[in-house]
Amino acid sequence: MAVCDVIEQAARDCAASWGIAKVHSRPDPILKDAGIDAVFICTSTDTHAELIEAASSAGKQIFCEKPIALDLASIDRALAAVESAGVKLQIGFNRRFDPNFREARERIAAGDIGAPHLLRITSRDPAPPPIAYIEGSGGLFLDMTIHDFDMARYIMGDDVLEVYARGAVLVDPAIGEAGDVDTATVDLQFARGALGVIENSRQAVYGYDQRLEVLGGKGRVQVENPRPHTAMLSDLDGDHTPPLLPFFLERYGESFVAEAQAFVSAVLRDQDVPVSGRDARAPVVMAIAAKRSLDENRPVRLSEVE
Amino acid sequence: MAVCDVIEQAARDCAASWGIAKVHSRPDPILKDAGIDAVFICTSTDTHAELIEAASSAGKQIFCEKPIALDLASIDRALAAVESAGVKLQIGFNRRFDPNFREARERIAAGDIGAPHLLRITSRDPAPPPIAYIEGSGGLFLDMTIHDFDMARYIMGDDVLEVYARGAVLVDPAIGEAGDVDTATVDLQFARGALGVIENSRQAVYGYDQRLEVLGGKGRVQVENPRPHTAMLSDLDGDHTPPLLPFFLERYGESFVAEAQAFVSAVLRDQDVPVSGRDARAPVVMAIAAKRSLDENRPVRLSEVE
Amino acid sequence: MAVCDVIEQAARDCAASWGIAKVHSRPDPILKDAGIDAVFICTSTDTHAELIEAASSAGKQIFCEKPIALDLASIDRALAAVESAGVKLQIGFNRRFDPNFREARERIAAGDIGAPHLLRITSRDPAPPPIAYIEGSGGLFLDMTIHDFDMARYIMGDDVLEVYARGAVLVDPAIGEAGDVDTATVDLQFARGALGVIENSRQAVYGYDQRLEVLGGKGRVQVENPRPHTAMLSDLDGDHTPPLLPFFLERYGESFVAEAQAFVSAVLRDQDVPVSGRDARAPVVMAIAAKRSLDENRPVRLSEVE
Amino acid sequence: MAVCDVIEQAARDCAASWGIAKVHSRPDPILKDAGIDAVFICTSTDTHAELIEAASSAGKQIFCEKPIALDLASIDRALAAVESAGVKLQIGFNRRFDPNFREARERIAAGDIGAPHLLRITSRDPAPPPIAYIEGSGGLFLDMTIHDFDMARYIMGDDVLEVYARGAVLVDPAIGEAGDVDTATVDLQFARGALGVIENSRQAVYGYDQRLEVLGGKGRVQVENPRPHTAMLSDLDGDHTPPLLPFFLERYGESFVAEAQAFVSAVLRDQDVPVSGRDARAPVVMAIAAKRSLDENRPVRLSEVE
């Protein structure tokens, strides 16, 4: 129906590519357009909360990229606006729609591994982003681990009560100078008693590495990385397979489509969206707690930072 | 631009789904439409040759599903029509566009395994088709192995001189009563000296099984089956991964898109299509020779059936 | 008890290493030694038949390395001697005792894959032997494929009726000058209807490659190569695992021990040995038929060469 | 030369099996035997320190099972005795001799992955031991994780400065009643800056699970579990491989032989043993620190418990 971008030419190019009729450089015309039922908010994080509030007031159904905000007060205002307007809000935690992780979640939910005991998430970017990006990112936990915090809740079907984070600057000293870490581990204490570990790095030279494993009382489920192709070369040095997929667009391409379809379907059928406001808030709480844990080198309960 | 189907409702449904303006139940209006540059012939095999001739006369660029025909005379007439009309003809050997096999071909063509010595193609359907289909299929070699014959030439970059086929009825006696086999092996003698083996079955209960391996003087390349997902379940009985992808639409989905893009690109840039008329004809010759080999239980040179 | 070697120093060294009391350079003292119940004949192939006959006459239980002889007349004389003496004879087809192939055989025998339809054996040496060895080897089929012929019968629990062999000289022209081939495929027609293919090469630069796969009506079993270790290295170029085990001593080490234990156990308990005289003869028949098939380029029934 | 066991019949049976001449039920005769150069101490943990001191005084070279003791004072006395006697002492951290982990260590030491950034050790027993064993074990960290603490130091070639442990009772409440945990994660801070995580469980129903992975600046090395065999079964439900090896005797069999050979070789050549007294002590310090961390729910520096 309509596309908006503060850079008007970008909006025009997008509209041309996708056969979209209306082009705007400000959101108001979309919010006022009675023919538009739902909006996708894909702007920079600092604009999410305000746009959610405006879209709620306009009675639009809302899909918004993660996170709503980097502070809880803004998130809570946005969620309150959504609730009082009675609209739907789905947050773009796309990894929940990855067919590999989804399969693991379904196996666990079906009881195939018994009660979960131990979760491990391995999540490593192929290379660090530019320092300018790091500086505005809110730090590793809010920028990168936040996806893993959401995945932890999704895959375990449980909430986290306490975290302990350890971080290091091993990839690039400039990241340390920017006040961030590039390598981290975060321990998780789940409400039902299970333990968890997240391993992060800003740099895995062999490709974008996204795996997890859950041990339960009756078994285990693990999710390995998909590969760019299934050909293997063998020579005098042994067997060789290619680097992992380069980054999130290649690795999670299907999931971006699937989350949009799920949102559209929920709107059309007036059903609950599959990622709730509570799901939107919890990973931010975890990230804030992890940051405090790192700063103070002690385990931090989520209730401390709520 | 336009879609044609002898079942007019099917054509209408297709047009509606894809926003196609014109709908026909006979091909003539398309062939006479000066605004149409190219046609995709996706009808039953027995109509391919005639439609190629008609489209050639009309000066259309042609994509046609495999095979052109089950007899060489028809194929040769169609190829002659294409040549005299000076149009392009690309045959739908879609597996050449599978990214996994393509990677293997590129490694071999790049010399990474040295000169190829030995090819093995494992090609097994998940379940046999209905007997009515078998009866009209031209037999296993023309219906199923024909893809493997094409793959053999594609992956090795070489022609086959002689074949020896062995067949058996092990999956369903009704297939034997219909005059066909459901299990087969075909040996290949390549022009540059390499050997090859194709293994076929109409039934692999664990899913659609499509692999190959080439041994060369400096190494080997092998292509394994892609999986529906990368989750693995472990329990008291060990590790479990799911059945292979169900069938060709799931396994080769990307390749159907890629072959169409390659055809469109060749037409737009006036370049050679990536699957030539010679490529269209050779697998049929191989299939006819394999059938004679099976019937007479002896190796058959392709020159005998040309 | 005693060791014999025509090179007396070799016998002495062996005796010293293993704490063996008696050392001989001729077999007679062993055959006459009433304290010795059983002998292992591990000499060159051309001496096997004669030594089996002598050991049978002396009433010894016999383990003999494969094959008994390269011609059927000698084999038949040796087997007749064994039978008339009422002693046991176990032939050293050690691969039957490999735990990986054994597992496959047990799964098949237990009916886990239903009736077998299609066998594939991939059997490739890491590098060709010296030409002098090739010249005295009896050719690829009697020297190398003979193990695969035995494996085919063992794993399928069935006999072969007919073979078709194709060969090529692709690894080293000197092998061709010596009258042999270095690359081959052999088709097998089993008595109960199944088909089989053996792929051989004298040279797989990535290591000793020994795999097989059986497709059945209800499933499949495949045996992959064991690896020297389970460590994998990943870098900018992808994932890397080491070459396969170098050759048969590393790959089949356990099986040599297990076959000796099985022989000793059969002798001590007076039970049938697990590799019979019929098992000793059949692969030689298959190898002779394969050679004739290669020479005459036609399928050869085993009954032709019996 | 001689074997000693407080249960004399056990000593006699052992001597008979292995052809050992002398049998004792007390260690003194061995320690006084001038013909004996070296001893293996494989008794219960609470006797190790005293026996090391006695053997040192007797001038014997010593191999002792891990750990020397559960308290640092006893360890330090034993190490002091060894040092003042000038004898060798090798502690039985057998996993260092596992060829899979050894390969990983060699790749890291060779610089193939660059500087190590992140270690993960997954170490899970197949089933918990009897509660009586748990009660006398010193707890999970001293009994089970101690191997992983040693592996962490071995594989990284670095010391640990601080640990943070989290534990849970999820497998069997009786373990909790015995004052222990059955599921745990331990974070490690290495001296050179790298981070590490150990994941432990007393119960992995799919078999004895022993893996590790190290991410470095230039790559990664990971060690997977070896398998009991390489056969895979496929059926309508997918692909199936067997449970992992049952327990440490099967998984680490080779390493027990290799560590004994390394000790003998070091004694014969008068070289340093490959597992030093410092290596013996450090994992106990780590275990004590981990226990304190668990009890006090805070990170604990090793210097606190030294």
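Labels for the chains are A, B, C and D, by order of writing; each one numbers its residues from 1.
Note that a residue touches a chain if its C-beta (ideal position, glycine included) is under 8 Å from a C-beta of that chain, and two chains touch if they have at least 3 such contacts.
Just so you know, these numbers come straight off a predicted model, no measurement behind them.
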| item | value |
| --- | --- |
| Minimum number of chain-to-chain contact steps, subunit A to subunit C | 1 |
| Co-neighbours of subunit D and subunit C - touch as defined | A, B |
| Remotest chain, subunit D as reference, centres from CA atoms | B |
| Geometric centre distance via CA averages, subunit C-subunit B, whole Å | 40 |
| Interchain centroid distance [CA atoms averaged], subunit B/subunit D, Å | 57 |
| Per-residue overlap in subunit A, given as positions that touch at least 2 other chains | 205-206, 218-220, 234-236 |
| Of all residues in subunit D, those that touch subunit A in their complex | 115, 117-118, 120, 122, 124, 164, 166-171, 183-185, 187, 189, 193-197, 199, 201, 203-206, 215, 217-220, 297-299 |
| Subunit D residues touching subunit C - in the complex, by the definition given at the top | 99-104, 107, 112-113, 218-226, 228-236 |
| Parts of subunit D lying in touch with subunit B, wherever the complex brings them together | 205-207, 234-243 |
